[in-house]
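You will see chain A twice below: alongside chain B first, and alongside chain C after that.
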Partner chain A sequence: MTGVYPRLRPHGDSAIAVEFGDTIDADTNRRVIELERAVRTSNLPGVLECVPTYCSLLVHLDPLTAEHATLSATLVRLAHEVCAGAHVRAGKGRLWRVPVTYGGDHGEDLESLAARRGLSPERVVELHVRPVYRVYMVGFMPGFTYLGGLDPRLATPRRRTPRSSVPGSSVSIGGHQSAIGSVSGPSGWNLIGRTPVRCFHPRRDPVFLFEAGDTIVFEQIPAAQWDRLEAQSAAGETVAKCECR
Partner chain B sequence: MPIKVVTAGIMTTIQDLGRPGYYHLGIPMGGAMDRLALRAANLLVGNDEGAAGLEAVFVGPELEFTEDSVVAVCGAELPPRIDGEEQPTWTALDVREGQVLSFGFLRFGARAYIAISGGINTPPALGSRSTYPIGSLGGVDGRAVRPDDILPLGQASGGAKPGTSVPVALRRLPGSDAELRVLPGLYWHRITEDSQNRFFDDTWKVANEADRMGYRFRGGQQLEFVPRKQPYSAGSNPSNITDACYPYGSIQVPNGAEPIVLHRDAVSGGGYFMLGTVISADMDLIGQLQPNTSTRFVKVDMDTALAARTIRAGILDEIRQSTA
Partner chain C sequence: MTGLRVIECGAGTTIQDWGRFGFRRFGVSTSGVMDRDSAAMANALAGNPPGTACVEFQMAGGRLAVESGTVVIAASGQGCKLRIGGQAIPDGWSARSEPGDLIEVRPVRGGVYAYLAIGGGFDLPEAMGSLSVHRRSGIGGRALVPGDRLPARSPERGKLSRVAAASEVSGPIRFVAGPQGDHFTDDSLELLACGPFTVSPDSDRMAYRLSGPRLRHAGDANIVSDGVLAGSIQVPGDGIPTVLLRDCQTTGGYPKIATVISADLGRLAQTAPGEVVRFASVTLGESIAAARRAAERLQERMAAIERFPAEPTSEFLLSANLVGGVTAGR
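For the complex of A and B:
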C-alpha cells in the first residue's frame, strides 16, 4: 500500500468511491469489506447503501439529504481506521462448496480455453477446483459472483465478441477473474462449466447466497447429478453447502 | 377493489421509488425513471409520495375502474381521457366506477406516471413493488402489465382534492433539445484531451436503445484513449477496467464509440470505464427524452451539481405545498 491510499473520489454528486488500491488482492478487498461494515453500522445520515468492489467501496448517497463535506470527512476517518486495523473481525467467514459440471453443453468454451492455455481439458478442471476462491464483489446482474484466486495458468482474456446471452449459473473465466453467473444475460467471459446453484432466486429464502468476503470451493459433479440438483435448485433449495468458519 | 387492464400500451410497468439496499448484491435501485413526476402524481391523489403507480412509455394503457377513484397523470404530455373525454395532465381527476381511463397521442416527453388513489397494491419484493424484469421482481409476477391483468389497489387516504393541479411553472418539460450536466469522473483521464473537449462540443442524439437500463447516444465523434500499461485482468480493450460498481447516472463508452448513461435498472457493475456521471438533478429529465432528441453534455463542477439538486429539492417542496 502506497501513501496515496486510502483516498476518496466523487463519482457524480450521488456517490463517493473510497479507494484502497488498484490491484486485485485479498488484503485490499478485505479493507473494502471492513469499511463497508463500519459504514453500515455507523448509520451515517444520507448514506443509502454501500457496494464493495475489488479495490474500492462505492457509497451511494441520497442527493437530497447527504451533507457532502461532513460525510467525506467521516469516510476518510473510517478508511484510515480500517487501514490501521481497527475494524478487523474475528473468524474467516463462510465457506461454500459449489458443485459444477465442466465442459460439453455445460461449459462450451472449456476445450478452446484448454487449447489456448496448452493444457488438457481435464487439467483445466483440476486446476480450477483446487483453489479456495474469495468472493471479491457481487454485481453486474443479480447475484453475479466475482471470484479472485484463479490459478494464473488458467487466466484467459475475455472473448473478442461478447455473447448476447449465456445460460444462468455459468462458471466462467475472464482474464484473471473467475465468476459464478446468476440469471442468463450477456457475457464476454469464457464458459467452462455450469453449477446447479442459483446465486439469486427471487422466490427462495434466502434470495441471495454469496456475499463479498465469502470463500468458495468448486466440486466437480457428473452431468446426471447436475440434472437432479438443478431440479432441487429450481424448487428453492440452496444446493450449495455452507460451512461457517 | 381492483382496476382491470384492458390494453397495456407498449411498455407499462408498476413502479414506486425503487428498492435501495441490494445494489451490493447486483440489484439496481429501480423505480420510476422520472421520480419527481411519480411523486407529484401521488401527491395529487392523496397517496404517499412513494406509492406504486404505472409508468407508461410513449403509449398509455386502457384501464377499467371498479370503484370510484382519483387519478393523476404527470410527466410526459400523454393526455388522459375518461370515457373518451380528454382531461388535463398534472391534475387530480375523478374517475367513477365503471369508467375507462385511456390516453390520447403523446405530445412530448416519453414516460407518463399514472397514480391512483390508494396506490397499486401488488405484493412487494425486496421492499418494493417496482418492476425489475431481469430479476423477476415486483410488478405483476415480475413483469410488465398485460391485458386482462387485475391490479389491486390499497386503501385511499381520502386526502385527494379533485381539480387540484400542479402549477405549470413546477412541471419540468423536456424541450426539443436536451442538455445533460455532467461531472467528469473516475476514468476521465483515460481519454485524450481532444476527446474530452469533443465529448462536450459534439451534439449527440438519443439512440433507439433507450430504456430503463440506460440511454445510448450516438452521432458524436469516436473517443481516443490515452495509451496505458496493461492493467491486471482488465483485458486488452482500452475501454475495459478492472470490474467496478456502476453508479446510477454514470456514463460508459464501450470501445469509445457510443456513450450510455446508466439509468434505474442498469447493471450494477462491470468492466467498462466511466468517463463521468450525469448529475442527479438531470436524471429525471433523461427518462423523458425520446429517441432522436438532440442532446449536449455540459461539463459542470460539484458546486453546480449540489446547487442544482438543492433547486430540485425546492421544486419538490413547492409541489408538496401546491397539492396539500
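For the complex of A and C:
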C-alpha cells in the first residue's frame, strides 16, 4: 500500500468514498469490508447506508443531518485503524457451497471458452470448481455477485457484443473475474453454467444470499438435479449450503 | 374500494415514494421521486408526510377515475395542471373528489414530472420497505397501465388546503468536481461548466445524457467499478456526460468527473429532452449550504399552507366561484 491510501473522495454533498487502492485484490477488498462493518456498527449520525466495492467504500449520507467535517475525520480514523489491522474480523465469514450445472443449455459459452483457452470443457469445469472464491462486491443488478479468485488459465475477455438478455442465475467469466447472475438482463460475460441458487428472491427470507466478504465454492451437479433444485429454489428455498466459519 | 382507477396514462407513469434505502449494497437502486420538492408539495397539500407514495407522471400525464368514497387529492410539478371533471383546479390547491369524478393531470408548460397525491396515501404492498417502482429490475412492481386500481389507505374527509405559488428557482445546475476529476484532461471541467448541453431524447429515470461538448479522458475511460449515486456525472468512452438519477445502478465502471448537488437534482429532472442545461461549479461547502437552504425553503412553503376547516364539496367551490374569491381575498 502506497502512502496515498486510504483517502477520502467526496461525491458531492450526499456521499463520501473511502478508497483503499485502485486495483482488484483480496487485501484491498478485505479492508473495504472491514471498514464497512466498522461504519455499520458505529451508527454515525447522518449515514444512510454503505456500499462496499472492489477497492472503496461509498458512504451515502443525508447532507441535512451529517456533519461533513466530523464524519470525514471519523472515516479517516476508522480507515487508518482498518489498515493497521485493528478491525480484523473474529471469524472468517461465511462459506457458501453453490451447485452449478455446466455447459449445454445451462452454459452456452463453455465449449467456445474451452476452445479459446486450449482446454477441454471438462478441464474448464475442473479448474472452475477448484478455487475458493471471494465475493468482492454485489452490484449492477439486485444480487449480481462479483467473484475474485478465478484460475488465470480461465481468464477470458468479455464478448465483443454483449447479449441483450441472459438467463438469471448464470455463472459466467468476464476477464479475470467470475460472477453469479441474479435476474435476467444484458451481459457481455461468457456463460459457462447456471446455478439453481437465486442470489435474489423477493419473497424469501433472506431476500439476498451473498454479500461482499463471503466466500464461495462451486459444486458440479447434473442437469436432472438442477431441475429439482430449481423448483425448490423458485418456491423460496435457499438451496445453497452455508457454513459459518 | 375507495381509491383511484387508471383510465389512461403515459408509458412512464409509476408509483414512487422517497425511495428504497438500505439495499444498495445488494445492488438495489433507491428509485424514488425524481423531483422531491414537487412530490413533497403534492403530499403536503393532500395532508400527507412529504415522502408518501404518489403517482409520478412523465411528460404525457394521465387520467384517473375516483372509485367509491370521497378522496382529497393534490397535484404538483413544474407546469402541471389538475382538472376534475374538466374543471381546472387552481395551482397550489388540493381538491375533494367524488366517486365517478375524472381526475386529469397534464403538463401545460415545460417540465417532465408531475405528482398526484391522495389524502392518506395509497394502500399498496411495500417491497423492501418502499412502494417505489424500479422498472428495470421489477422491484416494487411495474409501470401503471389503464385499469390498474390504486386503493386509498385511509380516505378521510380531509381538509382542503392551498398554498401560494413559489418563486421559481432558476440559474445553472450546480456541481462539485470529482470524485474522478483527475481522469480527465485539464479543460474538461471547464467544458462542463461552459457547455451548453441539451438533454438527449434517450434520457430516463436512470440517467440524463447530455449532448454538447465531448469531454476527454486523460487516460483509460474505465475504472475499477465503484459506488455511484443520483447526481454522479459519469463519462463513458464516447465523452458524453451522463448524469445518473434515481433509478441508477449502485455501482459503475466509468470515471465520474463531477457530482450534481442534491439541491439541484429535481430541477435537472424537470428539464425536458431538447432543453438546454447549463452547469456551474461550486465547492463542497457551498453544496452542503445549498442543500440546507433548499430544505428550509421547502419547510417554509409547507408551513405557509392554509387549511380550510369547512367541508364544501368541490362542485360547491367551483360553482360558487369561491376558489377565485378566496384567492382574491387573501
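Rule of thumb we're sticking to: the second predicted complex is superposed on the first by the 245 of 245 C-alpha atoms of A that agree within 3 Å, B and C clash if a C-alpha of one lies under 4 Å from a C-alpha of the other, contacts with A are read in each partner's own complex, and residues count from 1 in each chain.
By our rule, a residue touches a chain if its C-beta (ideal position, glycine included) is under 8 Å from a C-beta of that chain, and two chains touch if they have at least 3 such contacts.
Keep in mind that what you see is a predicted model, and the values were worked out from it rather than measured.
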| item | value |
| --- | --- |
| Clash or fit (per the criteria above) of chain B with chain C on chain A | clash |
| First (chain B), second (chain C), both or neither touched by A:102 | neither |
| Chain B versus chain C as contact partner of A:133, first or second or both or neither | neither |
| Which of chain B and chain C A:218 touches, first, second, both or neither | neither |
| Touched partner set for A:226, first chain B, second chain C, both or neither | neither |
| Contacts of A:20 with chain B and chain C, given as first, second, both or neither | neither |
| On chain A, positions contacted by chain B and by chain C | 9-15, 17, 22-24, 36, 48-56, 58, 60, 63-64, 68, 137-144, 146, 182-183, 185, 200, 202, 207-208, 211-212 |
| Chain C-facing residues of chain A, complex | 9-15, 17, 19, 22-24, 36, 48-58, 60, 63-64, 68, 137-144, 146, 182-183, 185, 200, 202, 207-208, 211-212 |
| Complex interface listing, chain C residues touching chain A | 21-28, 127-128, 136-139, 175-176, 178-180, 223-232, 249-251, 256, 258-263, 284, 287-288, 290-292, 295 |
| List of chain A residues in touch with chain B within their complex | 9-15, 17, 22-24, 36, 48-56, 58, 60, 63-64, 68, 137-144, 146, 155, 157-158, 174-177, 182-183, 185, 200, 202, 207-208, 211-212 |
| Residues of chain B that touch chain A when the two form their complex | 20-27, 29, 125-126, 134-137, 142, 183, 185-186, 231-236, 240, 242-245, 247-250, 267-271, 274, 276-281, 302, 305-306, 309, 312-313, 316 |
